[in-house]
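The same chain A turns up in both complexes below, where it pairs with chain B and then with chain C.
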Partner chain A sequence: MAEVVAVAAESLAGSRARAARTVLNQVVLPGEELLLPEQEDAEGPGGGGERPLRLNAGARSRVRVVCGPGLRRCGDRLLVTKCGRLRHKEPGSGSGGGVYWVDSQQKRYVPVKGDHVIGIVTAKSGDIFKVDVGGSEPASLSYLAFEGATKRNRPNVQVGDLIYGQFVVANKDMEPEMVCIDSCGRANGMGVIGHDGLLFKVTLGLIRKLLAPDCEIIQEVGKLYPLEIVFGMNGRIWVKAKTIQQTLILANILEACEHMTTDQRKQIFSRLAES
Partner chain B sequence: MEGTMHADAKIRAETGTESGPRGPGCSLRHFACEQNLLSRPDGSASFMQGDTSVLVGVYGPAEVKVSKEIFNKATLEVILRPKIGLPGVAEKSREQLIRNTCEAVVLGALHPRTSITVVLQVISDAGSLLACCLNAACMALVDAGVPMRALFCGVTCTLGADGTLVLDPTAKQEKEARAVLTFALDSVEQKLLMSTTKGLYSDAELQQCLAAAQAASQHVFRFYRESLQRRYSKS
Partner chain C sequence: MGKTKLSKNLMRMKFMQRGLDSETKKQLEGEEKKIIGEEHWYLDLPALTKRQSFLLCEDLLYGRMSFRGFNPEVEKLMLQMNAKNKAEVFEDKTEEVDVSDEEMARRYETLVGTIGKKFAKKRDRVSYEEHENGDVKLPKEKEMFLKPRD
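Presenting the complex of A and B:
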């Protein structure tokens, strides 16, 4: 069938890898291959774009690019493994080619080293606590990993308590381990979270949006009522205000923030501020 | 809050179904897809092809029983529930086919000793059920953020008694056909991931059906792209 062959030919041409720079901030799908900047020139006129001046035209200078979440290295190229918007951050100190990553919307958390998370203590066995962080395995937390804890002076942690800590070991092959002190031995805000308040779950994308440096939502919420709030990178938020009603209102606002536009949010805040 | 709690990405892709009788080529039924409609699973999707509709929920990477864990990759489980009655042998065999397709595409090595569970519920069956299940499973896996090396789609085609090839058949066309072939194709190079066939057909006819399915899969992947772009444009 001639028409079928023609369609097949154009489909093969369509799967050619695209340059990462041309796809920035666009939606990428799993299976797409992205070319890194210096490879466009090697590909010939198909790549387009400026040709940098080189003193020795023969040698290809390799720039170190960091491959973030949602991308995997596949030979010389980047393979997209999750659906989302492709983002890029320029290197701060000028070395290397920056970081590429995919901003995807997800509900399930996968432990990452260095992340601050809210966990729920599920068991006490010997010298360690088992903490549920929402991943595939409970994390382990040693009783000595609290500020001022010694073998004689054990921390007051019961099953069911909320813990805010960070991961020191989190890879795919080992059980995740978390601690409630930083590298200097100070708590720095980590440890057991107070008994009142409300813990609820949101998507990971919303947490990242709320923790972005220029997020207005938190400033507006802070103007409404005095409150205490803890964000865990595993999608959990703990909120405490003066009364239960205020706490519930804050929880509802934060959950709904994901689906509201800026105008709708400002309307709701102004309505609440009046009442 | 009264606002929509679930992101709605309903797309109707017109793929030339209104014009005239179907001939060989890409005449697929009306598609519709919605993602993130269930609140408990990590990812969910509903896929409709004509009147056939399947709802899928994906959980993972989650805890796995020690008896089922695999030391170096994720354990993929597929559960297919029919519209009425208890699941039988036909559902088991379809589950196996869907599982093999998903295993070829999901990067299980990134999440060893975890489980990824795909639960499919048939809402209505009007032909091409396995293809609709595969499409819905792919959309749900993308919604859950499970790392994949490519997207995949399912295409069914039937061969009539006189050799006419019909893509995306209805239940009536499937019953009257001489052979029914279902293919699962990947998005990178339209390679064949899974094929299941029923009936009598020749070697040349198999190649012809495969070529037609590969051409039709372009439409499905274009629909996936539009649907996902629409979803991410809302945020």
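Presenting the complex of A and C:
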């Protein structure tokens, strides 16, 4: 880790832009500029020099690259705005370029369109509910945004209920809005989360780690006893098991697994399986 | 005297366009767009779209999970949603039959009786009601007027 940081510091001191391809899965710091693959060819060995202005754009192949969270466009380069590891995903089916993003860690959630989150209903005013999602302002949820809800047939939602929904509007200029149906009008598991259970908060990075397709923690947890978990991308997890003790054990495991090594985790699971 | 060619601006006016057919209209529109497109200036920068969401970066599973049968509906949902993410949803061609064939046959049996009762005369309706255990026996043959034999 020390040598990686030293390399990063060197490059900052030299103020030379590195190619994004060479920095994959390494730590990047805010303020660094990264070159996209197609620009590396244009740069000579000296690097950082002036490029001739081209008046015709016909010859250039325009590969559409998506810059994800933690990166920003700066001219024709990527500017890093968060510290973390740089990741890249190849495009699945043809439509070029792939995605670059920075895998960072934070606890404070910022609403993003399309994210599924767990919210707590804090107020009911007229036709909308105010739902606390952990962001800077409460999101609004219309009572018609539930499956099978009409003006006469209102959903049964009270203040204090837990809601699993997704954002349809989430930007820095407007109040976030969420709904509990998808674009076809079906609920798909969204809506009010049942009674009982326990809601607790973890870091955002842990949620993404637990929701990865090959997450061992979830597979092991699932073998312990019958349980139900709901993950919200805003760092909130709701768990429920048959008894209160089992629920608490589950909550403790999920909170602690962020800082445990694989061996420690396996030890704990084997101890639990015995008891 | 040769025909005077009408100017392009004149052709673009609304009252001249009403007489044209859709194909010529589309052609004209296409030409317009081309002219406008070439005049626009654009930055010669790589196409970098900015997306704030982690959903397209990482392939994440569906957020609701249930294990060992705690919540069967959620388990069904898990299969559905995760399959959708993995591959293209390949619709199940076999339609689920809502009503089994046996039940259908049973219904039809009694249906014949019910509809028949509706159109039967009051006298014939009696014969329907006699068989109340559910089997429907067709009413007796209609009794016609018998001419008295001398």
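Please note the rule applied: the second predicted complex is superposed on the first by the 247 of 275 C-alpha atoms of A that agree within 3 Å, B and C clash if a C-alpha of one lies under 4 Å from a C-alpha of the other, contacts with A are read in each partner's own complex, and residues count from 1 in each chain.
Note that in this section a residue touches a chain if its C-beta (ideal position, glycine included) is under 8 Å from a C-beta of that chain, and two chains touch if they have at least 3 such contacts.
The structure presented is a predicted model; accordingly, all values stated were derived computationally and were not measured.
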item	value
Chain A residues touched by each partner, larger count belonging to chain B or chain C	C
Partner chain in contact with A:L198 - chain B first, chain C second, else both or neither	neither
Which superposed partner A:A256 touches (first chain B, second chain C, both, neither)	first
First (chain B), second (chain C), both or neither touched by A:D115	second
Which superposed partner A:P30 touches (first chain B, second chain C, both, neither)	first
First (chain B), second (chain C), both or neither touched by A:R64	second
First, second, both or neither for A:C83, with chain B first and chain C second	first
First (chain B), second (chain C), both or neither touched by A:V168	neither
Which superposed partner A:P226 touches (first chain B, second chain C, both, neither)	second
Overlapping contact positions on chain A, where the chain C interface meets the chain B interface	72
Interface residues, chain B side, partner chain A - complex	1, 3-5, 7, 24-26, 36, 42-43, 60-64, 107, 110-115, 142, 144-145, 147-151, 186-190, 208, 211-212, 214-215, 218, 224-225, 228-229, 232-233, 235
Interface residues, chain A side, partner chain C - complex	36, 38-39, 54, 57, 60, 62-69, 71-73, 75-76, 78, 87, 89, 97, 99, 101, 112-116, 164, 188-189, 208, 211-213, 218, 221-223, 225-233, 240-242
Residue ranges of chain A in contact with chain B within the complex	1, 3-5, 7-8, 11-12, 15, 27, 29-31, 70, 72, 79, 81-85, 104-108, 110, 135-137, 172-173, 205, 252-253, 255-256, 259-260, 264, 268
Footprint of chain A on chain C - complex, ascending	42, 44-71, 74, 77, 81
